[in-house]
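A single structure is presented below for examination.
Think of it as A, B and C in the order they're written, each chain with its own count starting at 1.
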Amino acid sequence: MSIKPKPHIALFIPCYVDQFYPNVAISTLAVLEKLGCQVSYPMNQTCCGQPMANAGFERDTVGTTKHFIETFAVYDYVVAPSGSCVVHVKEHSPKVEGLEKEQAELHDKIFEFTEFITDIIKIERIDGSFPHRIGYHSSCHGQRGLRLSSSSELNEKPFSKAKKLLENLEGLEWVELTRTDECCGFGGTFAVSEEALSVQMGKDRLDDHHAHQVEILTGGDMSCIMHLQGIAQRQNQNLKFKHLAEILNEAMS
Amino acid sequence: MSHPQEAAEFLKDPAKSKWHDDTLWFIRDKRDKMSHSVPEWEELRELASSIKDNVLGNLADYLEEFERNATKNGIKVHWAANAQEHNEIVLSILKEKECKAIVKSKSILTEECHLNPFLEKNEIEVVDTDLGERIVQFLGQPPSHIVLPAIHLKKGEISELFHEKLQTEKGNEDPYYLTQAARHHLREKFLAAKVAITGVNFGVAETGEFVVCTNEGNADMGVHLADTHIACMGIEKIIPKRKHLGIFLRLLARSATGQNITNYNSHFRSPEAGKEIHIILVDNGRTAQLGREDFRNSLKCIRCGACMNTCPIYRRSGGFSYKSTVPGPIGSILSPGLDLQKHSSLPFASTLCGSCTDVCPVKINIHEQLYRWRQEITKAQGTSVKELSMMLGNGIFKSPLAYNYSGKMMRLALKNLPKSMIYNPLNVWGKQRDLPTVPKESFKEWYQKNRS
Amino acid sequence: MSSRDSILGKIRSLNLAQKALPEIPDFKGAENLVDRFRTAILGNKGEILTPDELISKLESGVYPTVYSSVTEFSNLANQALPTDSHTFAKLDLAILKGQFGVAENGAIWLEDSDLGLRAIPFITEHLVIVLDSKSLVSTMHQAYNRIGSQYSGFGLFIAGPSKTADIEQSLVIGAHGAKSLMVVLV
């Protein structure tokens, strides 16, 4: 690790991950610790405000945002296993009067889990074993918001921070999908306000993974996975779902 | 019906909606291949965007320069503050020419102004000459896509329509056969028309010329055979210099259909001997949009349609689901500026995935503007975040999105209530999706036990 | 107030920040211009012919009515330039000279002086454009540099035969304009 003295990293766990996917949060914590980081979970953290803001109520999230800034102010870094929440904090949280400096600092020190590993602690490869066929769901906010991987729309050199972390795992087969980065249709409140479309988009994504004989569908945002898994379970599909942090944690142990 | 209801209707025919999705994806894919073959593609987008920034900052000067030069070249320039005035200007020219029938090539602006019904009410026959537009005109429909007007129709439907309207053989669905029938039918119209109307892709301030791009050649067939050419142009279509066409023509067709360039790219500078060219510069809400800082750069749009082809919502809900002249992502940021109430569901017809922004040849931050419109709409409607929480959490177990309002209570409810209550008909999330399996403890609880 | 003045007034009252125009870099484009141009024309569903191939086509009699503004082929033409383009409603073939071609996309530039009548390349059933292979430029940027500030009442890039895909995205050649484009590279 190149950073010194040992920085103090705060874990930000999105509320639905806290409630429904504790293992994702545990895995995130464990991987960071295995990589030598000093990590704490501030207990009084709450939601980042994204669901409200994306539904058109950004102005009602000033309090949430203020609390968020104050909660994480003392840490050197904030790391979250969700690209979507990180983009929200950086780009859509309303300005909080009196905390301009802290808010600006927060925007520079908050990172999504994979980019923190590849770009900040600069881990070149992770060794371990995970002999499974993996389909990666590239969540839009992480991909096009944080540029965690190249966009198929852009004329740029292909890259994927997630692939970089997974590709050296022994036995792991990385599957190339037909539509590499199409949205799954979750989209926050879109999932209920446009239910028919949301589900169709999810089914289409799942079809792409099935067509390539994917065994485990993974990704960096549990919200997308929750939606896809919900559809797959209802249809009794035998696809498995894991957050990328869970795969890394299992592989590294 | 609102967008969600329209979309649900569209999806009721799975074979057709899948075809629609696949077909538009195929065009997006062609566009990718084409744009990836141009090494300076991203630089071109940036240049196009900067040129348009310059245009928006100097629009009045460029419009005056354009007017001056066009007038000098013998083009008659008109100005229309709104759709009504635009239509009246067209009608007055037609009256002066004693013209009762016109041919018209594709122009989204004339759709926006509802020119066809206006002229028809005034007993003028309007013939749309783009094949796709002629098809939807026969059906009494608006175009469902700005570049591919009849993309919502299958060839069987078109075959039936042409059998009725053009007396083609019943059941003959061959696209070549059907296109030839339209060619013969429209040739008569072209040869008879005294006035032809076109849209405008670009107006060049420096020279006073304007450019019209088509693949079929219908715009040129119309105007060169007619005595009078009326070109309808939104004021935002101005570009400063002729050399800037090099940038925009490299981007337009590649983005639109995945072609190198459109077949015919016609530069009109002065009328042919003995003929007339009129150009109508139309505002119709554009100056208002220019005044909205967050939404101003939506006026950079060059109407390529790439954001429609890439949009996972558009591909699966069809153009009509938007109920706006320009559908899809770009329409969803333009239309609320024209009628906020009517188009209030459009900015929500998106997952904010951002594909539209990345595909846009002039780098309009479309998904960001969708987000901004959402804020404006809830403000204008006077709704509050409480109503949102009611929508999601009404009966807290209905959606996992309600987590942040109820948290633990929701987990308890999910765990203890019988499935029949969780998946009731009012539970929108659960109609076609399972809810997550409830863990025995939250992460917070685990952390407290294990780490603090 | 006229609509003109009210539109311009509304825009000016916004007092928007002025942003400078960007410089357009010198994008190089392809090196082998003839190959690239050929590929582009074929991709646009046009054909490339040698002068001899054109002559044998003309001599075969497949085109009953032929107009040529290109002197090299005018002995094989049988139509004179009319005053009204409607006269050419049944024209089978027009032979025109292009000023230059663009390698990146196959677009060929013609102006009023090359066309005779503006309707000709559209109303004719088939179109031949004769082009000097030394006239090729690489990109559209170079194309506009080459056009420069020269004045023509009308000018256009033609890149292929008239086509449409409006019926189920099936490509059909020959919508309203010329059903084929043959480029004779000399």
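Miscellaneous remarks
The criterion applied here is as follows: contacts are C-beta pairs under 8 Å (C-beta built on N, C-alpha and C of every residue); 3 or more make two chains touch, one makes a residue touch a chain.
The structure displayed is predicted, hence computed values, not measured ones.
Relative to the centroid of all protein Cα atoms, the closest per-chain Cα centroid is that of B. With every chain reduced to the mean of its CA atoms, the largest distance from subunit C is reached by A.
Taking each chain's centre as the average of its CA atoms, subunit A and subunit B sit 32 Å apart. Here the CA centre of subunit B is 28 Å from the CA centre of subunit C. Rounded to whole angstrom units, the spacing between the C-alpha centres of subunit A and subunit C is 51.
Residue numbers of subunit B whose C-beta contacts span two or more other chains: 38. For subunit C in complex with subunit B, the residues that touch the partner chain are 2-4, 6-8, 10-12, 14, 16-22, 24-25, 27, 40, 43-44, 85-86, 89, 102, 104-107, 112, 117-119, 121-123, 139-141, 143-145, 147, 149, 151-170, 172, 174-178.
Interface residues of subunit B, counted against subunit A in their complex, comprise 3-4, 7-8, 11, 17, 21, 25, 32, 35-36, 38-39, 41-42, 310, 312-313, 316-317, 348-355, 357-359, 371, 374-375, 377-379, 383-385, 388, 391-392, 399-401, 403-404, 407-408, 410-411, 428-429, 431-439, 441-448, 451-452. Residues 13, 15-23, 25-26, 41, 43, 46-47, 51-61, 92, 140-141, 143-145, 151-156, 179, 181-183, 185-202, 204, 226-227, 229-231, 233-234 of subunit A are the ones touching subunit B in the complex.
Those residues of subunit B that touch subunit C in the complex are listed here as 23, 26-27, 38, 40, 43, 46-47, 50-51, 53-54, 56-60, 63-64, 67, 73, 79-81, 85, 129-132, 135, 148-151, 153-155, 158, 175-176, 178-180, 182-183, 186-187, 190-191, 207, 215-218, 220-221, 224-225, 235, 240-247, 249-250, 257, 259-272, 281, 283, 287, 290-291, 296.
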